[in-house]
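Listed next: structures, encoded as structure tokens.
First subunit A sits with subunit B, and in the next complex the same chain sits with subunit C.
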Partner chain A sequence: MSRAALLVLADGRFPAGGHAHSGGAEAAVKAGRVTGAASLEDFCRGRLHTAGRVSAALAAAAVLGVDPVRLDAAADARTPSPALRATARKLGRQLMRAARATWPSSELDALAREFPKGAHQPVVLGLAARAAGLGALDAAYCAAYESVSGPASATVRLLSLDPFDATGVLARLAPELDLVADQAVEAARECVDAGVDALPAASAPLLEISAEAHAAWAVRLFAS
Partner chain B sequence: MHLDHSHDGPAAVSADARRPDGTRRALRIGLGGPVGSGKTATVAALCRALRDELSLAVVTNDIYTREDAEFLLREAVLPPERITAVETGACPHTAIRDDISANLEAVEDLEDEVGPLDLILVESGGDNLTATFSRGLVDAQIFVIDVAGGDDIPRKGGPGVTTADLLVVNKTDLAPYVGSDLGRMAADAKAQRAELPVVFQSLRAESGVRDVADWVRKQLAAWTA
Partner chain C sequence: MTAAATGVRATARIVARDDGRGGTSLPVLEGDGPLALRRTRGSGDEAHVMLVGAMSGPLGGDHFAVRAGVEAGARLRVGSAAATIALPGQAKGEARYDVRLTVADGAELRWLPEQLISAGGSDLRVTTHADLAATARLVLREEQVLGRVGEEPGRLVSRLVVRIEGRTLLDQELDCGPGAPGGWDGPAVLGGHRAVGQAVVVRPEFEDRPVSARVLGEGAAVVPLAGPAALVTAVAPDALRLRRVLDEALKSLG
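On to the complex of A and B.
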């Protein structure tokens, strides 16, 4: 394997559609819950330990060879908001395209056939990591990092936040990212024997509820 | 043109000329240019001019609303199922150049749902003079500027003005009112673009979108040749 492939996959410029999504930050900014660097950090911490944790475990489990169709159903069950399920599939489809072009793989082809309109993004991410020769921990890091880097860069645009402050937020979250990635891999290993019920099911009700409201806005900068 | 591309697998990747079932996909033409230069009006006029002879569809990239898509729907230039809006996350140029995933998804969905299509027009959100389309997304691109935006734009150049397959200088009817020198714009455009074509158009004139529609027909003839 090449560890450097992780840099390619985790790069914010990897062309997989993420730039049009705020990870709930746009709704949180509008509601006055994110107003600057400190509240952005709180928001990201919350997302990391809920949506981020679940995504990281799903991605790691896909790398370990757990059936992606079962993982996709597990992701559905862990995403109450229909708007967020649609977003996860949309992003999964877009990541699938980029991953197949970058690391051609019969497993990715098979998943694309199974879900022509997209599987959940973390599941695709795990198979993409596998195709790139990366390990479960790499995929977990990638998913966990995406769960906070998306909202951080979106908030720079939404609030005209100082980009150095946003990057500082991400740096301060690094030790927690380590922790979440490690725990995700642990859960994924358990899932190999015990099934998908061993995966975490942490949820942030406000993220789910505000995603539903956001999806109905007539004027918005981000798709989610 | 990307006639030589091919890719195996259940779905086309991006610029592939063939669809998964082996048929030729639609020609994709991008329209970019600054805010207010008349991109949507040009798209609407093209739809009216071409819809009786071609099967066509439109993808719009609005910056923060569905206004452009809704304008086209309101004007009823095409049935609603032939118009799709893509959301661009505050970065219209990213969605047409650096990360074209959402736009590719939109064009493929249109071909799946209302195809077969001859032509898909992809309209960029209003942007700046550096915004160009990726060759992975479109086969040819039109850059639309207007005389009221300043007659120095062709001289200033930039990727859109210098490299677009067709440069459209729109709203020529306004030139006398805004003090724009059309002769100077034409000379500057010629200097920047050498042999690449330039069309001066006023959609209020009788000729309307005729020259641009003729150019599109030529692109399509080359695509299907």
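On to the complex of A and C.
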């Protein structure tokens, strides 16, 4: 394997459409819950330990060869908001296109056939990592990092936040990213034997509720 | 019930059965120690059971469990006489409260307990599993209140899993209070709200006619799950306002 493949997959410029999404930051800014670097950090920390933790475990489990159809159903059960399920599938479809072009793989082809409208993004991410020769921990890092990098860069645009401040937030979260990625791999290994119930199911009520409100806005800067 | 240095172990059991005369009988209604059960006046073909806390708790180290099974065609409603308060205890370790619900074909369970209050210094893990047959119906409401008035909450981890014919429809865990992963009280998770709850409604007819997603004010939403069910998720400043929004949402589902 080439570890450098991780840089390609995790790069914000990887053409998988993530830049159009704020990970709930736009709704949180509008509601006045995110107003600057400190509240952005708190937002990102909460998202990392809930949605990020679940995504990282799903991605790691896909790398370890757990049936992606079961993982996709587990993602549905952990995503009550239909707006967030639709977003996850849309991002999954976009990532699938980019990943198949970059790292052709029969497993990615099979998943694309199974879910023509898109599988949940972390499941696709895991299989893309596998196709790129990466390991479960790599995929977990990638998913965990995406769960905070999206909101951080979106908030730069939403609040005209100083980009140095947003990057500082991400750097301060690094030790917790390590922790979440490690726990995700541990849960994914358990999932290989015990099934998908062993995956974390950490929920974030405000992310779920405000995703529905955001989806109903007539005008918005970000798709989610 | 057994009590030891490790805390109290108690399991209450309920079985509801179609009595063949248009009603529901309760062949099993077994309280245990702090978990006392009372049959109250039912309505129509629905049997009503009240969970009565005979002691305070759960305290640290206690393991409580409730098992309720609703057999084919039976209808059961379970409520509780008062809020459950998780408190710190003498025994070491966390407290556990496990609820296992099974609902057979053509049966209905309405599981509507009072709030769970996480008092300062307490440490409680709650798991609720509802296993439903294909044509079972369920209304399940759960509410968590973080701390008594003016008090910091304890640690509370609460997982809710709903399955239909073994397929997991909903799996959600909330982890909050001191020692929970960071950000639990921040703008992505609870945002300073001290009451949080959800209500799940499972009906076979939702498969073909799912509810439409809608937002109820600032802190609540009704959504269709990926299956024949609707979920209401709500956060509120206090228990009273939480109950109001959940009940309003349940009423709107008919």
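What we mean here is this: the second predicted complex is superposed on the first by the 224 of 224 C-alpha atoms of A that agree within 3 Å, B and C clash if a C-alpha of one lies under 4 Å from a C-alpha of the other, contacts with A are read in each partner's own complex, and residues count from 1 in each chain.
Note that a residue touches a chain if its C-beta (ideal position, glycine included) is under 8 Å from a C-beta of that chain, and two chains touch if they have at least 3 such contacts.
Everything quoted here is computed from the prediction, not taken from an experiment.
Once the two structures are overlaid on subunit A, check if subunit B and subunit C clash or fit side by side.
fit
Contacts for A:Ala202 in the overlay, against subunit B (first) and subunit C (second): which applies, first, second, both or neither?
second
What is the contact status of A:Ala194 with respect to subunit B (first) and subunit C (second): first, second, both, or neither?
neither
Touching A:Leu7, do we find subunit B (first), subunit C (second), both, or neither?
neither
A:Phe43 contacts which: subunit B (first), subunit C (second), both, neither?
second
Identify which of subunit B and subunit C touches the larger number of residues of subunit A.
C
Where does A:Ala73 make contact in the superposed view: on subunit B (first), on subunit C (second), on both, or on neither?
second
If you've got the overlay open, could you tell me the nearest Cα approach between subunit B and subunit C in whole angstrom?
Superposed on chain A, the two chains' closest C-alpha atoms are separated by 20 Å.
Give the list of subunit B residues in touch with subunit A in this complex.
Its residues touching subunit A are 9-11, 13-14, 63-66, 87-91, 94-95, 98-102, 104-105.
Applying the document's contact rule, which stretches of subunit C touch subunit A when the two form their complex?
It is residues 159, 161, 167-175, 181-184, 186-191, 196, 213-215, 218-221, 223-226, 231, 233-235 of subunit C that touch subunit A.
Applying the document's contact rule, which stretches of subunit A touch subunit B when the two form their complex?
13, 15-22, 90, 93-94, 97-98, 100-101, 109, 112-113, 116, 154, 157-158, 218-223
Tell me, which parts of subunit A touch subunit C in their complex?
24, 28, 31, 33-34, 39, 42-50, 53, 73-74, 76-78, 80-83, 85, 176, 196-197, 200-209, 212-213, 215-216
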